[in-house]
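In the two assemblies presented below, subunit A is common to both, partnered first by subunit B and then by subunit C.
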Partner chain A sequence: MPIQLAKSLKLHRDKVWSIDCSNGMLATGSTDRSVKIIDASQYKLLDELDNTVHKKAVRSVAWRPNSYVLAAGSFDSTISIWNREGEEEMDNSWEMELLAIIEGHENEVKSVAWSHDGAYLASCSRDKSVWIWESDEMGEEYECISVLQEHSQDVKHVVWHPYLQLLASSSYDDTIRIWREYDDDWESAAVLNGHEGTVWSSDFEKSETQLRICSGSDDASVKVWKYVRDDEEEQQEWICEATLPAVHTRAVYSVSWSEDGHIASAGSDGKLVIYREAQPGQWKIVDQQELCHGVHEVNVAKWIKINGKTMLATGGDDGYINLWNWDTSSTSNKNN
Partner chain B sequence: PVLQNVELLTKLLQLNQAPELTTDESDEDTDDMADELGVPADPIDPQEIYDLIAHISDPEHPLTLGQLAVVNLKDIEVHDEGYKDRMAEVIVKITPTITHCSLATLIGLGIRVRLERALPARFRITIFVKEGSHQSENQVNKQLNDKERVAAACENDQLLGVISKMLSTCK
Partner chain C sequence: MSAKLSEEDLNDYIAPGPICINPAGSSSSNKAASNANGTPSDELEVGQESSEPEKVSISLQDCLACAGCITSSEEVLLSKQSHTVFLDAWKQLQGSSKILVISVAPQCRLSLAQYFGLSLPQMDKALLNIFASVLHCRYAVGTELGRVIAIQHTNEHLFKLKKQQSINNDGNTKRGTPRLCSVCPGFVLYAEKTRPELVPLLLNVKSPQQVTGSLLKQTLPPEQEIYHLSLMPCFDKKLEASRPDAVEEGVDCVLTPREFLAIMQELQIDIKDHLNVDLAASAHELSPPGWDPQVHWASNAGSSSGGYAFQYARYLQSLNPGSQIHILNGRNGDVREYRVTASDDQQKVFGSTSELYGFRNIQNMVRKLKGAQRGGRVVVRKRGANKGDSAQNGATMQADPYEGEFIEVMACPGGCINGGGLLSGESSVKRRATAQVLDERYEKEFVELDPLNLPLGSASEKSYEYEFHAIEKSTNVVSMSSEW
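And now, the complex of A and B:
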């Protein structure tokens, strides 16, 4: 079954920049400064966060794993932390209360991400740095435990590995950096060079047997990078294993690696593309959807899980969130 | 013509079915009939783009970008079929007045803001500094075409104030 639009929701008055999904709850961030919480299984708007908290666009939203704690990073250079109020009452009412405002970045926060165990929050900014934060039990106090400054330009995006304490950052300096914990501190483990333009986003493979990451860039390409080895006290060695079939004609703003191994990409040309690895290191396009937000740009594409079912969520400059059905089992007999 | 009629018929049939795409408050522009039927409006041409940006004021001279030949008709490229539901592209090459002009980025941003406000959503706008006209071409070009930086700049009140002043001479 090809990509099919399941639901189109006009949630924002301006660009949708970011989507995150956890426990079937979608959070979205927009230039209109608001954050919305949606029950994705019922397409129901549960709450709209107080939109006076951020003075500028909300660029990035992220749920802390196994909780109803949400981080929102804004162009106003702050990060807000929210929690569901009265969660223990188990009623249907939803209200997110503000827990904390984190300050530290000099200017626009571009991305926020929680580590797989929720222990760390990473943030990045136009100030060229990546910050790693640790919070108390309540999630009210945040302490910066490391400021990583090796990027030479804006850091556009951060993402954690699904199982390891490994962080990847993508930058306007055209590189991706991998960061690891070392001696109670954090250090640069590798620099991935190869894109010929800003790297807008990256996402790790959800595998326990190998370590790979995909990336999408302003150069209109999507690449897959593979960890090769780690000599003691040396930099990790990564290689660019594949450049995916060229299909985008403009900047790729978002990439997402599904649990069952598919990569999705979307960007300025309005296309949503799904790729599958036919042979190790050899990728094929298995499906694509043109104009998935009409003539508007697509800022984010993300594999999400709703009631055990995998779907794709996209957010565009038109203020819409689109949810797409796609049957992953159908790809084995397609385009072979 | 026969083929076109078949297409029209298909489109008409589609029109009679309830559109599936926008299920919520569809506050999209109400399309006129001609557009729904796939008949293109007049495509936008370079002259129209020129007319939109030539009257922008230079941030430091009492002259417009057209008068200073920072923008020139021959340096404007447009790819547009006129269809509202297809992408279109405009590329503007600017020639800053002096090679180390630190205001090149500001001028480029002013042009971008003007075009983003005036052109339909189908347009992708690329702004370049003309080859050889600026010391740090690549840097300026990268910045002018970085969507996120432009969006953030447009939320900077001070910068927006300067740009509003530059655009106040536009018709």
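And now, the complex of A and C:
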């Protein structure tokens, strides 16, 4: 079954920058400075966060795993932390309250992400740095435990590994960097060179047996990188294992790697593309959807899970969130 | 996409401006000037930024006055105080009446010793011999004398502030905001450029590098022309020497051990040829009149970045007989507090001072001090949340630099013993390991003196102060930073 639009939700007055989904709850961030919380199974708007908190666009939103804590990173250089009020009651009322405002970045925050265990929050900014934060038990006070400054330009995106304490950042300097914990600090473990333009986003493979990451770039390509080994200098050696079939005609702004191994990409050309690995290291396009948000650019594409069902969510310059059905089993090749 | 965007419309997909935003005399500085005179506009011209900046030469002074990034100035400063610039100047000295004077920071001596596999006295011998026999240097000094003055002045300044505060507070126990050490030029520049709120907190005592420069000038007759080369553990020390308020001390060139190695290569100096000298004799011979080599080549207890925090704690202890110093570690190895309390009552605190190194800890400090200055926390309290269960547990003491009187802030993680100009290898793993070794050697191998009990006479009566000022961001910079 090809990609099918399940629902189109006009949620924002302006560009949608970011989508995150946890426990069937969608959070979205937009240039209109607001963050919205949607029950994805009922397409129901649950709450709109106080839009006077951020003075500029909300560029990124992220749920802390196994909680109703949300981080929102904004162009106003701050990060806000929210929590569902009275979550213990499990009643129908849904209200997010502000827990903390984290200041530190010199200018626009471009992305925020929680580690798999919720222990760390990573953020990145146009100030070229990646920060790692740790909160107290209440989740109200945040201490910076590392400032990583190896990128030479604007850092666009951060993402954590689904199981390991590994962080990846993508930058305007055309590289992806992998970061790991060392002693009481964090350090650069690898630099992934190969894209010929800004790397807009990356996402780790959800595998416990091998370590790979995919990336989408301004050079209109999607690449897959593979960890090989640690060298003598204790740096991780990564290789570019594959450049996915060229299909995008303009910048790729967002990539997402699903739990069952599919990569989705979307970007400036409005296309949503799904790839599958036919042979190890060999990828083919299994489906694509043109004009996902009409003539508008698509800023984010993300695999989400709603009631156990995998779907795709996209957000565009038109202020819409689109939810897409795609039956992974119908096209998956079980022969190999 | 339209050429004009309102601020709310800010797009993430626009290319950044040029790295250096100090294009003296180019078209964009004209634009800045006109903007500064006119009223600020909500709308930003986006189309203009793609135009290539004109190539203009930038002096080190330009970099200091620019509120842009610190790292982009590195290339410029390297070219202005490079080893080749030194060698050119050095060649000019030969046969002239101008004399070469070299001062060396202790971390540099240790780094070179580690690099060549030598003990510290062996390295000092070789260094002095190279200075004298190859570079024809007239005087060579360690920076401990300058450091002792910096320590004593730090203590006096802090004590004065403490007295003022106790008068103002009328016995109220509330303590003030800690003062910040201004010995690290990396941190001072960061404060001046991007954290203006910290500038009033900088404790205004010059660094050993600059005090040493001043002491040398005070020692030698005014008609004696000198060229002062300073060997320092980090590149930012070059920027310090070229501050407008540091010119008086006459530090002509700052080089790091990495660059000194380049000089050795260029002049084909083999370290082995320089190991057999009488250290005491040559140290004495190269000391300026009245300078005791036992003093200026020594070091003192405390951190390997100068020990300012620890020496202030000792000073507090000396003022409060029967008190004791507790060393409290922070959440990482780069934060340490020295708390001086009554020995029979740990709750009775006479004062406290801390070391705090590295950018991440500086960031937490900035955030904490900002909250303190505002008279409230940055954090928004959860409604109805029950705090205080875990908060006031006095049994264990934890480092809390922000409640103290002084913070020895250093920009590098690990402090000056991890300075970027030291010969600690290229990879971060190697550098970290080397810094650890050097830190251990620092404690063991230097002759320690007591900076609190060293009479210095008239030299210490002079004041050694900077003229700090927050560098205002130009209109040009503001518009640059808002574009994407």
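The working rule: the second predicted complex is superposed on the first by the 329 of 336 C-alpha atoms of A that agree within 3 Å, B and C clash if a C-alpha of one lies under 4 Å from a C-alpha of the other, contacts with A are read in each partner's own complex, and residues count from 1 in each chain.
Everything below uses one rule, namely that a contact is a pair of C-beta atoms (placed from the backbone, for glycine too) under 8 Å apart; a residue touches a chain by one contact, two chains touch by 3 or more.
What you see is a predicted model; the values in this text were computed from it and never measured.
Once the two complexes are overlaid on the shared chain, A:Y172 sits against subunit B and subunit C alike.
When both complexes are overlaid on chain A, the residue A:S8 reaches subunit B alone and has no touch with subunit C. Contact with subunit B, but none with subunit C, is seen for A:R250 once the two complexes are overlaid on the shared chain. In the superposition on chain A, A:G315 makes contact with neither subunit B nor subunit C. Once chain A of one complex is fitted onto chain A of the other, the partner contacts of A:E103 are limited to subunit C, with no touch recorded for subunit B. In the superposed model, A:H296 makes contact with subunit B only, not with subunit C.
With both structures placed on the common chain, the touch criterion links A:D269 to subunit B but leaves subunit C unconnected. Residue contacts after overlaying the shared chain place A:R126 against subunit B and subunit C alike.
Of the two partners subunit B and subunit C, it is C that touches the larger number of subunit A residues. In the superposed pair of complexes, A:G29 makes contact with neither subunit B nor subunit C. Subunit A uses residues 31, 56-57, 59, 75, 107-108, 110, 126, 154, 156, 172, 251, 268 to touch subunit B in one structure and subunit C in the other.
For subunit B in complex with subunit A, the residues that touch the partner chain are 20-27, 84-87, 120-122, 124, 142, 146-149, 151-152, 155.
Chain contact summary for the complex, subunit A toward subunit B: residues 5, 7-10, 15, 31, 56-57, 59, 75, 107-108, 110, 126, 154, 156, 172, 197-198, 218, 250-251, 253, 268-270, 291, 294-297, 317-318.
Touching subunit A in their complex are the following residues of subunit C: 7-10, 12-13, 16, 69, 194, 331-333, 358-360, 363-364, 366-367, 370, 377-383, 385, 387, 390, 413, 427-430, 432, 481, 484. Against subunit C, the residues of subunit A that register as touching in their complex are 14, 17, 31, 33, 56-57, 59, 75, 83, 85, 97-104, 106-108, 110, 126, 128, 131, 137-138, 140-141, 143-147, 149, 153-154, 156, 172, 183-185, 187-188, 233-235, 251, 268.
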